[in-house]
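After this come two complexes, each holding subunit A, first together with subunit B and then together with subunit C.
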Partner chain A sequence: MSRPGWFTILLGACLTVALAFLTVPVAAIFANSSPGQLLSSLGDRQSLDALWLSLRTTATSMAIILAVGTPAAYLLAARSFRGKALVVTLLELPLVLPPAVAGIALLAAVGPKGILGGAVDAAGIELSLTTAGVVVAITFVSAPFYLRQAMAAFAAVDRSLLDASRTLGASEARGFTRVVIPVALPGLASGVALALGRALGEFGATLMFAGSFQGITQTVPLAIYDRFSTDFDSALALSAVLVAVSGAILLSVKFVDRGAALRGWQPE
Partner chain B sequence: MLLLAGAAFAAGCGDDGGSGSRQTALVVSAAASMKEALTACAPRFDKAEDAAVRESFAGSDELAAQIRQGAEVDVYAAANTKLPDRLHQEGLIEAPVRFATNDLVLAVPEDSKIDSLAALASPGAKIAIGSPSVPVGSYTRETLAKLPAGEAKAILANVRSNEPDVKGIVGKLTQGAADAGFVYLTDVKAANGKLEAIGLPDDLEPEVTYAAGVVGKSKHADLAERYVDELRTGGCARALKAAGFAPAP
Partner chain C sequence: MLSVEASTAVGQLRLEVALEVAPGECLALAGPSGAGKTSVLRVVAGLLRPDHGTVRAGGAIWLDTTRDIELPAERRRCGYVFQDFALFPHLSAWQNVAYPIRGRDRRERALELLDRFGLRDRSEARPASLSGGERQRVALARALARSPEVLLLDEPLSALDARTRGGAARELAAVLSAGDAPALLVTHDFTEAAQLGDRVGVIDAGRVVQQGTPSELAAAPRSPFVADFTGAVVLTGTARPGADGLTHVELDGGGEVVSPDAADGAVAVSVYPWEIAIEPAGEPPHGSAQNRLAAEVTSVTTVGNRVRLGLVGPQPLAAEITRTAADQLGLRPGAKVTASWKAAATRLVSTS
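And now, the complex of A and B:
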């Protein structure tokens, strides 16, 4: 074994800097809050309400994203048509929008004074300052994560599998549900996980569009911001929960990917 | 280290963005309600002192929390006296100076169905107020506590959003998301006719006094001191007056 060259040392140094920069702040959350403190701060009404609200709104949002996004992503992956690249770009745009822009955009579109505000109101739907508004905000920012991932997963499915099912007499719809979805499942699951992570962390668009009210619109990130000024320790504890949940989501994606690779599902 | 150096470099570039001379940067953490007034008077102060004032506007409570966490701030200007007094007791800022007063009002968008304090208690009224920790929210609760218990309860039941700062309330009102909200008179003036103020009866009106202090850790304490004086008597005092604030007694 020879001594590492300067290039290897440089690579190692950069990795060390990146690792420290990205992990120290997260570790500090846990360093500052003892497990006991963490648990006790989760027992109070505001935290429980925020956790429960975040759970409900993200679950609803994920259900909508799955139901609408899965067929939409399949269409984009399976068919080619004029302007497809433009459609994909438009769908992906919210990925790179700052949350504040997303908030303003939602207000301008479906807010009470938005271009579609009258129609929303006429339909008897109330979005601003309601739980439904939270769902709209987090769906808007997180759906592109799923769509992108689902398109890639569908595009990677071997067309001959679908063709085989069709020669056996199955309709395209049947082939989609029985063949394509099972094969694309790991990719779809990681799409859900990415969207879930973004949805749980949504702050700016929610505050601007849905406001902040305990039990109605105050999700965990909003509760953290609300507490930052009065009770830094409990803000830390609530942050620790989000870190734990997000970490668990990330790990589950890695396991799904690995499981898929082991079973030979992964596209080449 | 490299990253910190990079961050410092990025910050440095911002400092020299102005005239190019080496001006002293003065970081002012000020209550969101003073945004228009303090932004307007900054250039004059910058010129007179060869300084570069950088304001950070947010809820006074958030700004106090940042100072407690060690943020590099030179002047803290809050929408109440309670928060600066507490920071002073904690040894974080010098003795605070009262420099302005404001009025809490009921604000409604032009076309609102709410036209009085009593109408706030009617079912279906959508109200936005400040969260309990931000001064505007605590003044609001102070006012509501003076009403008959039943009325106060009915009004609080109509609250749909507890905003982190007063500009958040203004946003909810101008966007039509809320029918009414409690803000400062100066916020209604700054909204350029989009909002109407409904004054509160004298016996309900809270005493809204603004106070500022030099942050103990400030590296430019003299300049920070002059900025606080400016709030009381100089160009910024005039800008505050123009925005609808009254001088502190």
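And now, the complex of A and C:
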């Protein structure tokens, strides 16, 4: 075997730097908190409330994003119409908004004094400083991640598959559920993972729009921030839990991808 | 009976076609890519709405733009075999075939169809693990699963490698001759069209420029395009290796030709019309042309500055000579001639 050339060594060195920079801080979370500490900090009421709230609001938000976002993304990928590029850009705009701006924007739109505040109030919905407000905030910031990925996944589905489905007697709606969605599934799953990651970590917009009240609007990132000045160890432990949950999500998406490939699902 | 009339713009192309296909008949539309072949199929299937047109299948009207009748694609009973087969990648072979079938026995019916194509033991395989030939047969089985009133085939052999193409072509020909639905097939290859179609329509720049049997088209092309597109004359026969190192082919219907290509058994003999020389009948052999067939002129067609001669000997063939030569020989239908060409210009393709 020949010795690696200088270029290979350069590539390896860059990878080492990147890996160290990105993994050392994450590893440090676990290094500083013993498993026992981790478990005990989870025992307290505030942590459990925050975890439960994060899971509930994220699940609700994902359900809304999937139900509305999937057909919307399909429309954008499958049809062409005037002004489509503008529509796509508007949908993607929240991607580049700083979280604080997202929070202000939500307050200005559907907050008590917002332009739609009256209408929301009249409908009997209370958003600011409520759990529903958390769902609105995380849906607002994470939906574009899913939409973007889902559009790409649908656009990659061979048009002739849907044509074939129609010539075989299936309406477009039937072909969409029986062919297009299953074929696009790996791409959709990675969209869900991106949106989930963003939703679980959401901080700024939630804090500004919904506040930080234990059991009502205090999600895990808010609870971590709340503690870090007073109880660094328990903030660390809660962080470890968030890392573990996010890591598990990332892994499960990789498995969906892998499983699809094993079953011969190749987006052609 | 399938009848199609369509007039529409497809991108840069102006499509103007009128076609009729009888029950049990296969019309092969042959033309270069971009000629509008696939668009014709899409109009029939309801995947493309022409500006003006009608589509009638059996007794039913599928499309009539003047009366604002347009049946959606899913309600037209078309068996459509797509160019890349368009098999659903997430479904197994039998699930693909069962896709259009409703009812409790859909699995059994799908397996029966797969059985017909010799694929029963591949029924659980997904398209990615099927060979090209197997995919083509699954696509064909799926297209037939709805008992279609019209069969549409888009380049059904082009996705196959040369080795499997011969067998697949024979199988397809058998399926086409067994069914009684009208079939419309498109291909860029005239030989394929001649092999699979009862009639061939040559399509160029959105128009069907000529229709007829393959030998009619080769013998009497109506335009230089058709003449060039039809390409080689194809004769059939049985080959055996000769003592002289050449292959001798006994032609079906009489006559013998030789070729340097190695072959044994049933073969297709191909030679380009412009390789064939014509001399008055009864002249003694001279020169290097070893292949000589007695023939009668059936048609004389001027194609640009050339003349295409339709000939009938043991089998129909066509020769192409200059107008000057045709005038000198005084050729007209009924003239007895000898067609000759070099052994070296004779290609053999095994068909067994």
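The definition used in the following text is that the second predicted complex is superposed on the first by the 267 of 268 C-alpha atoms of A that agree within 3 Å, B and C clash if a C-alpha of one lies under 4 Å from a C-alpha of the other, contacts with A are read in each partner's own complex, and residues count from 1 in each chain.
In this section, contacts are C-beta pairs under 8 Å (C-beta built on N, C-alpha and C of every residue); 3 or more make two chains touch, one makes a residue touch a chain.
Every value quoted in this text rests on a predicted model; they were computed, and no experiment measured them.
Enquirer: Under the stated touch criterion, which partner chain does A:225 make contact with: subunit B (first), subunit C (second), both, or neither?
Expert: Touch partner of A:225: subunit B, not subunit C.
Enquirer: Quick check for you: in the superposed arrangement, does A:170 touch first (subunit B), second (subunit C), both or neither?
Expert: The second partner, subunit C, only.
Enquirer: Of the partners subunit B and subunit C, which touch A:242 in the superposed model: first, second, both, neither?
Expert: Neither: A:242 stays clear of subunit B and subunit C.
Enquirer: Who does A:193 touch here: subunit B (first), subunit C (second), both, or neither?
Expert: After superposing on A, A:193 lies clear of both subunit B and subunit C.
Enquirer: Output check: A:129 vs subunit B and subunit C. Expected answer is one of first, second, both, neither. What do you get?
Expert: The first partner, subunit B, only.
Enquirer: Which subunit A residues are contacted by subunit C in one complex and by subunit B in the other?
Expert: Overlap of subunit B and subunit C footprints on subunit A: empty.
Enquirer: List the residues on subunit C that touch subunit A in their complex, please.
Expert: 45-47, 72-80, 82-84, 86-90, 99-100, 126-129, 142, 145-146
Enquirer: Flag every residue of subunit A that touches subunit B in the complex, lowest number first.
Expert: It is residues 17, 21, 107, 111-113, 117, 128-129, 207-208, 211-214, 216-218, 225-226, 228-230, 232 of subunit A that touch subunit B.
Enquirer: Any idea which subunit A residues touch subunit C in the complex?
Expert: Within the complex, subunit A touches subunit C at residues 158, 160-161, 163-171, 178-179, 182-183, 185, 263-268.
Enquirer: Spell out the residues on subunit B that touch subunit A in their complex, using ranges where they run on.
Expert: Its residues touching subunit A are 1-3, 59, 61-62, 64-65, 68-69, 126, 128, 131, 133-134, 159-164, 168, 171-172, 175-178.
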